[in-house]
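One chain, subunit A, links the two complexes that follow: it is found with subunit B in the first and with subunit C in the second.
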Partner chain A sequence: MSNIPAIDRNSRWKTIRREVGRAVGALAIALLVTFIVVLLTSKAPLEAITQLLTAPASKPRTIGLWLDDVAKLTITGLAFSLVFQARQFAMGVQGQVYIGALAASYVALSPLGASWAGIPLGITAAMLAGAIYGFLPGIAKAKLGANEIVSSLMLNYIAIEVCNFLVRTSLPKPQPGVLTTNDFPDSAVFPQLIKFDGLNVTRLDLGLVFALIAVLVVWFALYRTSWGLKLRLVGHNARFAEYSGIKATFIMVSAMTASGALGGLLGSMFVQGQGYGKLTVLFEGGLAFEGILVAIVARSRPLAVPIVALFYGYLRQGAQLMNIRTDVPAEVIGVVTAIIILLVSSSFSLNFITRLFKRSPAPAAAPATVGGAAK
Partner chain B sequence: MALLEAIGIGKTYPGGVVANDGVNLVIEPGEVHAVVGENGAGKSTLMKILFGIEQPNAGTLLLDNRQVHFSKPREAIDAGIGMVFQHFSLVPSFSVYENVVLGSEPRAGIRLDRQKAIAEVQALSDKFRLKVDPLPPVGSLPVGQQQRVEILKALYRNARILILDEPTAVLAPQEVQELFVAIRSLVAQGKTVIFIAHKLPEVLEISNSITVMRQGKTVGQVKTKEVTEKSLAAMMVGREVSLRVERKPTEQTERVASVSGLRIVNARGTEVVAGLDLNVYAGEIVGLVGVEGNGQAETLEAIAGLRQVAAGDIVVANQNANPLSVLQRRGLGLASIPEDRIAEGLSTGSTVAENLVATRLNDSRYVRGGLLDLKAIKANAQKLIERFSIRVGGPGSAVGTLSGGNMQKVVVARELSEQPKLLLVNQPTRGVDLGATQFIWRTITDARDKGAAVLLSSADLSELLALSDRLLVLYRGKIVAAFLNTPDLTPETLGTYMLGLSTQTADEMQAALK
Partner chain C sequence: MMELLITVFSATFFVTIIRTTTPLLLATLGGLIADLGGALNVALEGMMLIGCLTAVIVSVYAPWYVAVAAGLGAGALLGLIMAFFAFRLKADIILVGFAINILAAGGTVFALAIATGGDKGTSINLQSKAVPAVDLSFLSAIPGIGPVLKSFLSGHSVLSWLAAFLVFAVWYFLYRTPWGLWLRGVGEYPAAPEAAGIPVNKIRTLSLVVSGALAGLGGAQLAMFNYVGFTRDMTAGRGFIALGAVLLGARHPVGALLAALLFGAFEALAVVMPGLFNDIPAELIRMIPFVVTIAALVLFSIRAQRALALRGVK
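Up next is the complex of A and B:
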C-alpha cells in the first residue's frame, strides 16, 4: 500500500516528461520549417536566422515586447483552454477581445476614465462585455443547437466590424479621418512595471500581472472547484456526466461565458495597455487566434499555458523583428505560423515517426500496432 | 472446398473487452450462411473483421484457400466481399443510381456517364430481382428499398460474398419476404450470402448452414435441415450448469419501486417499451430477461431519469419520480450500473478518484462552498480501492489505463459505496474476467441481502439465473412471462418466451408478478 503514491507520482512524471518532449518536438519542427523557409526566401539567411533566435532577448525594449506578447498569449491560451477542456470548440476569443476593448474604451473615454476608476472599471466592463459575447454562442448551442464553431466565428466578424464602425464614426478622435480614438487619459492606461533608468521604453505593464493572476485563477477553478471537475467530466465524456447527474448544458454555457470574460480582459489589456492606450481598428493583429496553438500545445493545462506562451512568444517576436530588420518578407512569417498550427493541431505526437520505424521491419505486425496506436 | 474461412479469430478491444475468442467460420460457395447469437456474442465484430473494418489480434482468414489480410474495407471490396450494415451509408439527397455508382462511376471523358450508370443499375436490379427505380432520391424511399440500394452497391462492385448485418431488423414482414426472394436469386446466380440474425424462424427459412456464437466463441456449425428452433435456441443461450450465488433469505415486503403503464418511444419514433408494469421489493433481485433491444435497457434508463418517458408512472421510494432529475433520484437512494462502462459509466480520461466522486458533487463531504475537498476525495478513493480490491496504481491514475474488469469495479465501487435503496444493473459483467465476475456478483447480492431492491438486465442467462429472485421476460417492450427463480427453471424455457415463440397468460404470470 505504501508504494502506491510513489507509483502515482512516477506516472505523473512520465506524463510530464512525455508532454514536455512533445512540446519541444513541436518547437524543433517549427524552427526547422522556419529555417527552410528562410533559406529559400532570404539573400542573407544566416543573418535572418540570427535575428530570429537572438533579437527578442537582445535589448530591454525587445524583452518588454516579448513578455508583453507572452502575457497576451497566455490570456488567450487560457480562454481557449477553458472551452477546450469542456470540449466546446468555440472560436470566439477574437470577437470577445474586440467587444471587450470597445467596452474598456467607452469607460476610458468617459469622465470616469479620468478618475481613479479608469483601470478597474475599464477591466470590469471589458470582462463583462466579453462574458456576454461568450455566452451568446453557448446559449445558442444549448437552446437552438447552433454549432458553436460557426456562431462564434460569425460573432467575431460582427465584433470586428462594429468596432471598426464605431472608431470611424462616433468615438472621439484627434482629427477626422484617422482610424484611432483619442488617447486615453493616463489614469485609464496600465502603468509600466519596470522603467529602465528613467528610459520610457519597455512596453511591459500591469497586463503581465493580470496574466499571472489569470493562470492561477483558471487553474484553481478547473482543479480545485466542483465546477471545474464537472467541466472536465463533461469534456471527457458528456454522456457519463449526464448519467452522474451533472447538468452538461449549464457547464458548457458557463465555460464559454468564463472564457468570454478572459477574452474581454485581453481586449482591455490591448487598448488600456502601454502598447496602445487608445482604440484603433484591427488592433489585435490576429494574436487572439494564436491562443488555439498555445492551448493545444499546452494540452489545455492552465499551468503549462504561460510556459508555452513564453516559447511561442519568443518565436513570434523573433519573427516580427526578423521581418523588420532583414529581407525576409512578412508573408513568410504567416506561412511559418500556419505550418506550426497545422503540425500541432493535427494531433501532433511524433507518433507518425515512430510508426514509420515500426512498420518497416515487421510488415505483418504493422496493422495491429497502428490499430493500437490509433484506437 | 470452402470459399471463405476464418480460423481461430481473436479480437480484444482496447479496454479489455474480449469480443472474439478463437472463432471459426467456414463459408461454402453458393450458400446462405447464417451467423446467430445473442447481442454481444461477437457476430458483428467477426463481420467487421471479414470486411476489414477491424483487425483481429489472432487467427487467419482464408479466401479461396489463400491467406488474406484486410487492413481496410477497400481491400475486402477488391477481394469480392460486400457488406450491408444495419445503419445504411447512403446519401439521402442523391438518386438511387448515383448512390450505387458513387466512388466507381462510369465516365465519359471526365464527366459522369449518367445514361450508362442508369442502364447498369437497372440491369443489375433486374438480374437479381432487386426491384428499385434508379431515378428517385434515396431519401424518399422506404427502408426496404434503401436496403436494396445498399445490396446493389455491393453487387455493382462485383461482390461475390455479401454480408448482411441483421437485414431483417428494420423490415416489415412483407419486406422480409421480398428480401428473401432476392437472396435466393443471388444464390441461384452464384453469389454467397452471410446473414446475421437473431430471429430464428427467419434463419431457418433462408439459410443452408448456421454458425452459432456465444460470448465471443463459436459454439458450433450446423446444417439448417438438421436443427429445429428449439435445439438452435438451446445452442444460442447455452445450457451449461448455472452458477448459483448464495443468497440470504430476506423479507421482501417493502415495495421500493414501481413502474406502471410505461411507454417509451425512441429517437427514431419506434415504441420500444409498450405498456410495462413492474414492482421491485426491498431485498430481491428482479431479472429482466430478453434478447437485447426488447426494452430492458430503455426501462432501466427511464427509471434512472436518463430517458424521456412517453407515458406511465415511475415511483421510487414512495415518491413520484417522473419530474425528478437524475441527481434527485439518486438522492432517493437510486444507484445504477450502466450497460456500457466506457461510453456511459466512466470518464476514462479522468482519475480514479474523480470517477469515484462524480455522482456526489453535491455532497458536503466532498464539496463545500463549491470547493473540492481533495483530501476527502482521495481518502474516499483509497478506501474504495481497498474495499473493492481494484488493481490500480493509485487514486490519481487515469481510469483508461485499467483493465476491463477493474474499470467495472470502479463503477461498482462508486455505485455501491453506500447501500442503495434501488439498484439498477445492466450487463454487470460483460467482457469481465471470471474472477471479477464472481466479485461483482457477490457485491450485488450483498446489496440485496442488506435490503436493496435490485433490477438486473443481462444478455447472459446464466447470470440472470444465478442472481435473480424473480425473472420477467420482455419481448417487444412487453412482459410476456414471469417466473419465480426455482432450480427447475431452465434457459430453454426462458428462451422460448424471449424469442416470442410463446406467451404466458395473465394468470400464469400472476404468481411471479407481485
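Up next is the complex of A and C:
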C-alpha cells in the first residue's frame, strides 16, 4: 500500500523531466534557427543576439516590462489551457480581451471610475463581458454544432472593429482625431506593486497578483472540483463522458465561458494596468494568441503556465528590445513561436531524427484530427 | 439608397465581386480538399499570407507567372510542412495550423522588413508586378448583346478564369476519378481505405499540399491583382472566412463556389460602400464579411441539424 504514492510521485517526476527536456530541446532548436536567420540578415548579428538574450534582465525597468508581460501571458495561457483541456479549439481570447477592455474602460471613464469602485467594478465588468463573448461560440457549438474555431475567430475580428469604432467615436478623448481615450482616473488604474526611489520598476502592477491568483483558481477548479474532473474527462473522451452521465455540451460551454472571463480579465489588465491606463486601438499587439504557445508548452497544466510564461516572456521582451536597439525586427519571434509549437505539440524528442530514417510503416491511422468537429 | 442599388446592379460591381471572390474561392477550394481528406486546414490564412508575400517579392525580379507559381509553391511547401508534423510526428493538426498562422503573421513582417530595408508596413517601395487582366473587348463586336457581354466578362484576372475552371476540375477530380474517391474515403473513415491497401497518409499529405497550393494561389491573386503589393496582415481573415465557406458550401465544390460568391459579394459591398455613404463608419463596413460569416455559419448549422433530425439521427 505504502509504495503506491511513491511510484506515483516517481512517475510524476519522470513526466515532468521528460516534458521539461522536450521544451528545452524545442527552445534550443528554435533559438538555433533564429541565430541562423539573424546571422544571415543582420549587419551586426552578435549585437542583436546579445540584446535578445540579455537585454530584458539588464535594468530594473526592463525587468518590470518583462514581468508585466509574464502576468499577461500567464492569463492568456490559462484561458487557452482551459479550453484545450476540454479539447475545444476556441480561439477567441483576442476578442475577449478587446471586449473586456471596452467594458473596463466604460466603467473607468464613468463617475464610478473616480471612486474606490473603479478597480473592482472595472475588473468585474471586463470579466462578465469576456465571459459572454466566450459563451457565444460555445452555445453556438453546443446547440447548433457551429464550428467553434471559425466562429470564435470571426468574433475576434468583430471585437477589434467594435473597439476601433467606439474609441474613434463615442468614448471621451483628449482631442478629436486621436485614437486613444482620456487617461483613466488614478483610482481606476492598478497601483504599482513596488515603488522605490531610484528603482524604477514601472509597469509592475496589481495585474501580477491577479495572474497568480488566477493560476491558483484555475488549478483548483480543474483538479480539485467535480467540474474540473468532468471537464478533463470530456477532453479525454467526450463520448465516454456522455455515457457516464456527464453533460458534455454543458461542460464545453462552461469551459469556454470561464476561459472568456479570463480573456476579459486580461483586457482589464491591459487598459487598467500601468502600461496604458487608457484605451487605445489595437493595444493588445497580438499577445493574446501567444497564449497558444504557453498553453501547449505547459501541456495545459495551470501550475506550469506561469513558468512557461516566464521564459517565453523573456524572449518576447528580448525581441522587442532587440528591435529597438538593432536592425533585427521583433517579428522574428514569430518564427521562434511557430517552431516551438510545432516541436512541442508533435511527438518530437531529441532522438526523433534517428526515428525519421527508420521509416517504419505508419501504424493504422486513427483519425489524426479533431476535424470531426467540422462535420 | 438609390445610388447603392444602381451600383449593385451595374457591370462594374459584378467585376468587383469576381475580383473579391477569386482569392476566397481559391482558398475555399483548398480548404475543401483538406477537409474532405479529414484535416481541417486552419492554416489557410497563414498560407495565403505567405503566398502573398512570396508572389510580391518574386514578381520584383521575375515575370508575373513565375511570381504566381512561387506563391503557389510557397503554399504547397507549407502544406507539406503541416503534413509532416501532423502525420509523421503526430501533432494535433489544429495546433500545427495555428503554428503556421503565427509563423506567417510574424515571418511575413520580418521578411518584408528585410526585403524593403526596414519598412514593416507595406511593400510600396518594391516594384512588384500585377497579374494581367483578360481583355475580351472583341466580344463587343457581337451585335445586340455584345457590349453587355464585354462589360461583364472582360477585365477579370487570369486567375479568376483559372479559379472558375478549378471549381469544375475539383468537382471532376472528387466525383469522377478513383483518386477523388480515395480522398473522400480517407476523410470519411480512414480504416477502410487502409484495409483496402490505399496509402492513407500519402493521400492526406497530398491533400494538404494541394490545399496549400490553392491557398497560395489565392494569396497571389490578392497581392498581384486585388491589390498590387504586400501590406502587413493583408489577408485580414480571408483564410478563416474560407474555412467558414467550406462548411457553408456543404463540403461540395459547387457549394464552395456559391459560398465564396456570397462572401465575395459582401466584401465587394464593403469595397463600394465608403464611396457612397460618408456617414456609415468604416469600421462597421469592414465588419460586414465577419458578421455575414457568423450568420451564415449559424444558419447553415441550424439547417444541417434539421436535416439530421429528419433522418432520425440524434
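We take it that the second predicted complex is superposed on the first by the 326 of 375 C-alpha atoms of A that agree within 3 Å, B and C clash if a C-alpha of one lies under 4 Å from a C-alpha of the other, contacts with A are read in each partner's own complex, and residues count from 1 in each chain.
In the analysis below, a residue touches a chain if its C-beta (ideal position, glycine included) is under 8 Å from a C-beta of that chain, and two chains touch if they have at least 3 such contacts.
As the structure is a computational prediction, the values presented were derived from the model and not from experiment.
Once the two complexes are overlaid on the shared chain, A:I292 sits against subunit C while remaining clear of subunit B. Look at A:G177: by the touch rule set out above, it reaches neither subunit B nor subunit C. Judged by the touch definition given at the top, the superposed model places A:V150 against subunit C, while subunit B stays out of reach.
One of subunit B and subunit C touches more residues of subunit A, and that partner is C. In the superposed pair of complexes, A:P111 makes contact with neither subunit B nor subunit C. On subunit A, the surface touched by subunit B in one complex and the surface touched by subunit C in the other have residues 364, 367-368, 371 in common. Interface residues of subunit A, counted against subunit B in their complex, comprise 1, 4-5, 7-8, 11-12, 223-230, 232-233, 236-237, 239-246, 364, 367-368, 371-372, 375. Residues of subunit B that touch subunit A in their complex: 14, 54-55, 57, 69, 71, 304, 306, 325-327, 330, 336, 338, 343-350, 354, 357-359, 361, 367, 370-372, 374, 386, 393-397. Residue ranges of subunit A in contact with subunit C, taken from their complex: 37, 41, 89, 91, 140, 144-147, 149-151, 153-155, 157-158, 161-162, 164-165, 168-169, 286, 289-290, 292-293, 296, 327, 329, 331-335, 337-339, 341-342, 345-348, 352, 356, 362, 364-371, 373-374. For subunit C in complex with subunit A, the touching residues are 35, 38-40, 42, 85-96, 98-100, 102-107, 109-110, 113-114, 118, 120, 187, 190-191, 194, 200-201, 204, 236-237, 240-241, 243-244, 246-247, 281, 283-284, 286-287, 290-291, 293-294, 297-298, 300-302, 304-305.
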